[in-house]
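Next up: some structures, all given as structure tokens.
The two complexes that follow have chain A in common; it is paired with chain B in the first and with chain C in the second.
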Partner chain A sequence: MRDDFTSDLTHRLKWLYLLGVVAMLLSPVFYVIAISFNEHGFGARIYEFTFDWYRVVAGDTILLQSLEWTAYLALVTVAIAVPMGVLAAKFYRRSRRKVPFLVLMLTPLFVPADIMGSALLVYFKNLTQICEWLGDELGLTFLYGWFELGFMTAVIGMVIYTLPYVFIVILITMSRYREQQTEAARNCGATAWQAFWHVEFPQIRPGVLSACAFTTILTFNETVRTALLKGGFDTFSNVLVSQMLNIGMSGESYAMAGMMSMLSMAVIGGVLIYSLAAAERRERQARARAEPRMSA
Partner chain B sequence: MTEQDIAVETLALTKRYGAVTALDAVDVTIDSGQYFVLLGPSGGGKTTLLRLIGGFVRPTAGQVLLHGADVSDLPPNLRPTAMVFQSYALFPHMTVERNVGYGLRLRKLPRADIERRVGDMLALVGLDGLAGRMPHELSGGQQQRVQLARALVLEADILLLDEPLAALDAKLRKDMCLELKRIQEQVGITFIHVTHNQEEAMTVADRIALIADGRLVEEGSPREIYQRPRKRFTADFVGETNIFDGTVTAADGDRATVDLGFAGVDVPADRPELQTGAAVAVSVRSELLALFDAAPAGDDWQSMPARYVKEIYLGLTTAHRLLLPNETEVVVQDLSHGERPAFAAGQPLYLGWRAGDACLHTD
Partner chain C sequence: MLLFFALPMLLTVVWSFFERTQFWMEPGFTLFAYENFFTSARAENYLYSMFHSAIAVVISFAIGFPIAVFVRRRLPQTAQHQVILLFVLPFMISELVRVFALRPVLGRTGPLNSFLMEIGLIDEPISVLLFTPTGVVIGDVLSFLPFMVFSGFLAMEAVQKYIFEVCDDLGAGRLHTFVDIIVPLAAPGIFAGSVFIFVNSLGVALVPTVLGGPGAVNAGLIVNQAIVALDFPLAMAVSAIMMATLILLLYVGHRLFDLTKIIRPIS
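Let's look at the complex of A and B:
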């Protein structure tokens, strides 16, 4: 924002600073992407553009399977964490004791990934034993293996990890929503669900979409929790990290990292472009309809 | 009066939030087709009462009867009420037409029917031609009209208005008051209007209930509330009033003599229970007071000595400030135009009023 008293020089310096920060944040990412398109890989003196490393990745069945698993994991995590986040944000807005609720919701953010992952691992191991004991005692064999490491435990770990982010993103969007609109909808005959779906949801939709995108990215980027809780499948990040640890960074590794970065930027960029385009379209329609205003 | 004639009845209606009592055992009866105003200071409980009638909050105790049926446990969408909110509460992502037709779409009425009824309602509130606008393209007054149309189109028997004009400027508020009254007379349903603005209340109301500190203070027609307030609070809250504390020295059924410490005055007192020695208050509207150089003669006049302080020009009227012998300040108002004597600061004068113009308050 530029005010009337800002000099041109100061204004340009601010922009320069902003671009510098963005460059510092993104240059490693673009560097990795650039290497992923170099036929001669990292450290080579010559640069020849190629899609070969991506072809190698595309032909790697282990990697493709891990991508598939990660996509499932992201989908299920989004399907659980986002509705939970919406409900939590709605509850928070109505609750009188906001601070304790906020602290409880955000606590998982401050637990390091390896601590949270290993804690959950131990927790699930114990639950598995308890379920087995209960199954033996009660003769209920269906209780066996409920919490054995696998897709479900990885989902639980990811939901615990992503829920605070989802909660915050949706809460920010929801803060602009006025509860009286829900009351007005109820007064028009809407049920609580209709009031939410017809009136509140369209206004918090950008936040919900952002939360979905954010959760997807967090799932694709997560390594520690999924490595500890995943059981018999590998996620994309797990494969990438194990490749780097076992055989170092190959051209294929750069291509995988490049794919991950481009996917993240595409998802975030897509949400941003969609939101801006929708806002622009609404504004244009409003301008087209607007006639000279009357005072009353 | 039959149950059919009574639109709203609250029985010992109470709402508590923890240790705070927002509404304390309020009994109100509102006739069908009446324009009823809940008037009172901010935080007095009038909006709580309205929200209890509308079903937006559940009573802690007591009952809400709408047309004789107990609706205390019903949510707002199952009550025969519609609400106009203070802060417009229009759906910002819907056009005016979709806002107004929202309730009709929920009822799954035929599209042609919805369009006709929405069109009729927009015409009623004077918004024809603006159906395609978005709420943010409308002025405050227009937004409030849309809200009114959205509530009226539901054809509810009872319309609740929560400070509907509070966000409008003074001129627009005055116009909208008359507009609300016209619409209420045209549609003939019960309007319950919450406001803290007494001029607004006087303009639209058939009856006024004064709510303060979570209690119903007094109820009556605008004229009764203004001219013959029974409670000291009412006299003080509505209009510009001078209140004098005193003790009853004689009471004979319909009149009482009150000793104010520096003067004794006769006051109409329709209170058979009044006892000699009772602490009371006497109120006289400032526009019913007159200034005299000497005590006015005749049984019809009551008077007391005072010292002139200064005048304040208020446009239509001029306020004269005086001090009584006990240093209590008194305000006298008269019309600014026409022949008026000039008074000097410190000038000794007499305040006078016709005996029937004063009111006696025991509480």
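Let's look at the complex of A and C:
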């Protein structure tokens, strides 16, 4: 894994440092997972392995309902944010004035959740009032309640939050794609959609799948924006944070935190394995193409 | 994005001048929210949290940037992205879980103190790690450190490998190479990562709420408290100040380093 002449010891120490930092970032999470399987909870001297806390979570109807809502939210956010991200990345690659578009797409990354969430909360409350006023003035009752806090406002908040991540991931994958391939397909008589679906999409598919995975995880993990914009339903994270702040860390909270962490690790692990396998396949194909062919 | 991101963010400035009513606000022009912010302890808290955020940036740079340099310089191209993906893993685990997980870990009876006492490094538990500004800085660093690695990694694309060889051939020391060559070339990425960490440390309320104890406040927490108190103009004023800080930093960074350079390799 090394391509120049540093000493073995220095190289190994640098690897050790890198893995140490990853371990430092992950160790609190692993600690929480370990506690979630302890029958006696946090701080106990005895460690007895159990699934009981997870059984408690699985038997809690409020939690299951919140999990269901979160899954719906993730599904709708993926369905909107990922196609938008693909379109945005394609537009960005073709546009001449890249900077303003880039600023618009990436600034949400820098805006903290509490600031964006509160701005959207006030914005939606104002929009609701404007819609009501317009409804009264024009006699159009269907305008009532369009932007009242609820599932739709939570989806809008999540799409705005996840779109920059989707945009970046797809842009990275698209950077390996050459536009000449689309032109060649069009010259052979393919429609724009056929050229995209049969030529470009198979090559950016890993990026699209990764973007779907990231969006799902980000939605499951999000607390602040959903808390401010969700209206009448609760997401899994919202239930967890209210438990942690109001009751404290119970065995059930550790199990919920453990579930969220393991879900994220499984998805990211899956993406990692998939990308490693794809890279290896590409390399094998490239090697096969480079090898001289035997004449018959 | 224009309708549901840029417009609400711009309107925070307009709403910050509105007059507060009992449960909401009404159109008008008053500087009361800003006066309320600047003449109370909130402004002082804001400055304190800026200071703590700056410390978090420096620590994240010191820990994270050498990793980006090592990956770009020493690892083969094919392995680089997979190694960087290792840092996506902690980043993708809920911030809520990661921050709450630090509570038992940093506590007096937590594994960190137990370990340090076990190896004889300390005689009694360190209590400064939790419910203090130190706890907030630790939380910020552990929450946002991966971003310094990502942006540093993208920025190192601008530092071609032959540059290191030239430095070695000319006999430049490691420190000289790092300070005079790597840092200036990778400045856009370092700056972008630093702004991200700074602004999020300043604006994410979760970290001081969970790890900072009763006195800890940052801009995000002030906004939250103002919303809970139904003081929407104040919440919008603090958001506007926060956004102005962010825009100013990004503008200065772009003028100095051309931040679009970071994304050039993938566009």
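Observations
Here is the rule we go by: the second predicted complex is superposed on the first by the 276 of 296 C-alpha atoms of A that agree within 3 Å, B and C clash if a C-alpha of one lies under 4 Å from a C-alpha of the other, contacts with A are read in each partner's own complex, and residues count from 1 in each chain.
Keep this in mind: a residue touches a chain if its C-beta (ideal position, glycine included) is under 8 Å from a C-beta of that chain, and two chains touch if they have at least 3 such contacts.
What you are looking at is a predicted structure, and each value in this text was computed from that prediction instead of being measured.
Of the two partner chains placed by the overlay, only chain C lies in contact with A:Ile156; chain B stays clear of it. Residue contacts after overlaying the shared chain place A:Phe91 against neither chain B nor chain C. Of the two partner chains, neither chain B nor chain C is touched by A:Trp133. Judged by the touch definition given at the top, the superposed model places A:Ala113 against chain C, while chain B stays out of reach. Judged by the touch definition given at the top, the superposed model places A:Phe51 against neither chain B nor chain C. In the superposed model, A:Gln181 lies in contact with chain B only, and not with chain C.
Counting the residues of chain A that each partner touches, chain B and chain C differ, and the larger count belongs to C. Taken together, the two structures place no residue of chain A in contact with chain B in one case and with chain C in the other. Taken together, the chain B residues at the contact with chain A in this complex read 54, 56, 75-77, 81-83, 85, 87, 89-93, 102-103, 106-107, 132-134, 136-139, 141-142, 147, 150-151, 154, 172, 175-176.
Note for the complex: chain A touches chain B at residues 178, 180-181, 183-191, 194, 198-199, 202-203, 282, 286, 289-290, 293-296. In the complex of the two chains, the chain C residues touching chain A come out as 1-2, 4-9, 11-12, 15, 24, 63-64, 66-67, 70-71, 74-76, 78-79, 81-83, 85-90, 92-98, 100-105, 109, 111, 142, 145-146, 195-196, 199-200, 202-206, 209-210, 219-221, 223-224, 227, 232, 235-236, 239, 242-243, 246, 250, 260, 263, 265-267. Taken in their complex, chain A has these residues touching chain C: 1-4, 6, 11, 14, 17-18, 21-22, 24-29, 31-32, 35, 42-43, 92-93, 98-99, 102, 104-116, 118-123, 125-126, 156, 159-160, 163, 168, 171-172, 175, 214, 217-218, 220-221, 223-224, 228, 237, 240-241, 244-245, 249, 253, 257, 260-261, 264-265, 267-269, 271-272, 275-276, 279, 283.
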